[in-house]
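This is the structure I want to talk about, given as structure tokens.
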Amino acid sequence: MLKIGDRTFRSRLLLGTGTFPDVDVQRKAVQASETEILTFAVAKMNLDDSDDDLVSELQPDTFSMLPNTAGAKTAEEAVRIAKLARASGLSDMVKVEVIGDDQTLLPDAVETYRATEMLLEEGFITLPYIADDPVLARKLEELGAHAVMPGAAPIGTGRGILNPLHLSYIVEQANVPVIVDAGIGAPSHASLAMEMGADAVLLNRAVSQADEPVKMAEAMKLAIQAGRLSYEAGRIPVKRFAKASSPQEGVFHG
Amino acid sequence: MLKIGDRTFRSRLLLGTGTFPDVDVQRKAVQASETEILTFAVAKMNLDDSDDDLVSELQPDTFSMLPNTAGAKTAEEAVRIAKLARASGLSDMVKVEVIGDDQTLLPDAVETYRATEMLLEEGFITLPYIADDPVLARKLEELGAHAVMPGAAPIGTGRGILNPLHLSYIVEQANVPVIVDAGIGAPSHASLAMEMGADAVLLNRAVSQADEPVKMAEAMKLAIQAGRLSYEAGRIPVKRFAKASSPQEGVFHG
Amino acid sequence: MLKIGDRTFRSRLLLGTGTFPDVDVQRKAVQASETEILTFAVAKMNLDDSDDDLVSELQPDTFSMLPNTAGAKTAEEAVRIAKLARASGLSDMVKVEVIGDDQTLLPDAVETYRATEMLLEEGFITLPYIADDPVLARKLEELGAHAVMPGAAPIGTGRGILNPLHLSYIVEQANVPVIVDAGIGAPSHASLAMEMGADAVLLNRAVSQADEPVKMAEAMKLAIQAGRLSYEAGRIPVKRFAKASSPQEGVFHG
Amino acid sequence: MLKIGDRTFRSRLLLGTGTFPDVDVQRKAVQASETEILTFAVAKMNLDDSDDDLVSELQPDTFSMLPNTAGAKTAEEAVRIAKLARASGLSDMVKVEVIGDDQTLLPDAVETYRATEMLLEEGFITLPYIADDPVLARKLEELGAHAVMPGAAPIGTGRGILNPLHLSYIVEQANVPVIVDAGIGAPSHASLAMEMGADAVLLNRAVSQADEPVKMAEAMKLAIQAGRLSYEAGRIPVKRFAKASSPQEGVFHG
């Protein structure tokens, strides 16, 4: 079970709600993914208008909502957005997202650290989104962050885990959940993150922008289950030289 | 559906039966994998003694048997082994395996080509195991091979797909099933093979030598399903620059 | 020419002076490398004892000295070490190194940013050592840093450039020199950094810990020249499909 | 020194002569590369017209000529082309090139093996061009081939060494020179081939199609020297965890 703060989840897939072709596809993809945590940008929400609201439509009791602070470029802006979300009754859990570059959409380490510090003081359950920086991940954990969300690759690039060494450092040192976020493009990427010991994966565009989002949502669900099972089952080591899969002393008719 | 010769299969996972810790684990892993095709080395079988035979135990009606010619170092030896298997009533379908090196266990292209030619003349359903050589793959198809089985990496190394470019050439040109064989170590590798358009994956040590083979068999089953779904669903392209997963003009609360 | 602050250098190889097997090998490697900038840890120096001092031995007029603040875990410690170096007449140029983890030796983004800010206020020529974080690199440049020194990989791992995408972002956006630092293990790594447009490479263990440091110093010198020439010469693009190197319409005997 | 058959060479760079923008650039690039072996397609040559012939222009005494059999699709065609080259007095040394696919330009293992066998019987010094197939490489050596020329990647793709594991197998087992051929795009690729223990590198398009071929020729010359020096000097091992380049017990000011 995935534990964030005092909540537990069976699913290890977090799904972003942005950029789906339409609301119907979005709803079906959410169902196919079997996610229990939906993320969305507070800045994009019409907080006064809940008529066509996914939050209400999807029966909020069945999902945990994880608003993010996308749009913030400073710690102060992130705090303001998080407070807005909490005041609207959305959630006191927040993905701390302070983007430092409009083109790569990579996070700003210094402002993210400050924002997390401020949000923790305000009583939020904080999940900061960071680059694959092991030192920053540990500092955030020491600060009290409830999870860390290292990017696999820049948002929307679909490249998978660019630096498995850094991700492995983060996973091995962490005492809070590690949720791999951003840059996932394919089920093999999501599975690899889980095989390495990540606790969960957050997806958005890899699903919403696939040719068939609903089918891809199911693919990702299966891949994340596969990767987790592999982590538990203990994969074979990488070797330089082959050994026969039908060795001299087999157990079958050996 | 996977089609090999005139047979069709729902499962796209072929499982080797060698090197399991014991017969009980082997049987449970076979079940967890939901495989429909079992491979094994004819050279390892006691063809006269079917008492403790997996073939009989597992109810051969429910599985297709794919004997391989492991142990052969020449085309002639491969043909001899294949005939022995057919004469024993095992199968007229054969994985043509002519190993050219005792350490890397990589196949011998020249002898494999000759063996396939000879076995086709003898009326076998032939599935040659080759390195990731696109030219050899096409020549074998032109010869009449019923599938090609390029290795991801040397047998037992657990490294995954060493040369995705060559594998992509093979997949794109093929008019017979491409079954990725050898070198798979983790579900992410199996998923990637399927995402690239391979028709199936053959596993043995990645399952049989995992710490928990039964659990890994399930992981691999899910990963192969995930990879196939992804191939059908159309994954997002790889990009150099990120776009926001929560863009300015989103479809959700836009 | 490499320009750092108001100084110019013909060589694009910076060499660290630590961990050589002995002073004689160190001196010969320095000469073979044709470096013009030597780096060293202030914390390791005996500032009162210049008898066996490389600084004096190597005729400081012929080298620029780049002391680093290794040993510092906070911005304040880094400033203290830098001031000590300046007070000793070593240099007012400093590599800002604030390590955040004793095992990976990866830098602390937050403290490095603070240290750079403080050192700039004190009038130092600052070259901060960072992970491959494009946002931090730009923030440091905006702060006034005279160069940025992104790591290729963690110090001493010899893995080369783990994340070429991030390094390419850094190089493309930078208006100050980008000096790739840490993690280089082989000439191919150093050449690649230069091919990508880095302005220089800092080496230490790749040379000092090679079996033959002097020969490796020469290898690295050549590789860095090769990589720079390639950057200027404009390499061929990566393609999916081959074209003949002896095409139908060649220019030679066409 | 590189030895092929009974000839020795100081340079470890073989240069193809095709696809240069003009003869003047070609000549200068040849000089800048300091190559001693020039390769060219016999099929492209006007063997009757030596007026504007690079062979004569470049003073054949100073270069060894290595004609290739490009254009051949069968062993018989390769033999015919090689005999034509020998009859014209060009060389009895031949690069055996039997392409099996017009798009990827990858070699045909079966026909290349046959061609090499036939050419050896005819008394040629044979250097077969192959994919990165360790078994084929050894079989060719056992047949009597004077060198093996594994491709790094398909001709003209500029991708560098796609499968370092297979190349390392080839290098380690070989008792004849291993000349990495095809697919090199940048000096870092050429250096890596040499670092791994290859005996030489053959280049063509990486030089001839660079924006500035002469400058790239020099870059490649330096990179190949760097890689060879690194092979001799013994590079540091790859490690998982860093060690300080300025450790507690350094040799400099200890």
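Per-chain residue numbering starts at 1, and chain names A, B, C and D are given in the order in which the chains are listed.
Here is the rule we use: a contact is a pair of C-beta atoms (placed from the backbone, for glycine too) under 8 Å apart; a residue touches a chain by one contact, two chains touch by 3 or more.
Which protein is which chain? UniProt says A, B, C, D = Thiazole synthase.
Predicted, not measured: the structure shown is a model, and the values here were computed from it.
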Chains in simultaneous contact with chain A (Thiazole synthase) and chain D (Thiazole synthase): B, C
Identity of the chain that, by mean CA position, is farthest from chain B (Thiazole synthase): C
Centroid spacing, where centroids are CA-atom means, of chain C (Thiazole synthase) and chain D (Thiazole synthase) in whole angstrom: 33
Length of the line joining the C-alpha centres of chain B (Thiazole synthase) and chain D (Thiazole synthase), rounded to whole Å: 34
Averaged-CA centre spacing for the pair chain C (Thiazole synthase) and chain B (Thiazole synthase), given as whole angstrom: 47
Sites on chain D (Thiazole synthase) at which at least two other chains make contact: 104, 106, 154, 157, 159, 165, 240
Every chain pair meeting the contact rule: A-B, A-C, B-D, C-D
Interfacial residue positions of chain C (Thiazole synthase) with respect to chain D (Thiazole synthase) in the complex: 16-23, 26, 40-41, 43-46, 53-54, 68, 70, 103-106, 154-159, 182, 185-189, 191-192, 195, 204-206, 208-213, 215-216, 218-220, 222-223, 225-227, 229-230, 232-247, 250-254
Touching residues (chain side chain A (Thiazole synthase), partner chain C (Thiazole synthase)) in the complex: 100-101, 104, 106-110, 113, 131-136, 138-139, 153-154, 157, 159, 162-163, 165-166, 169
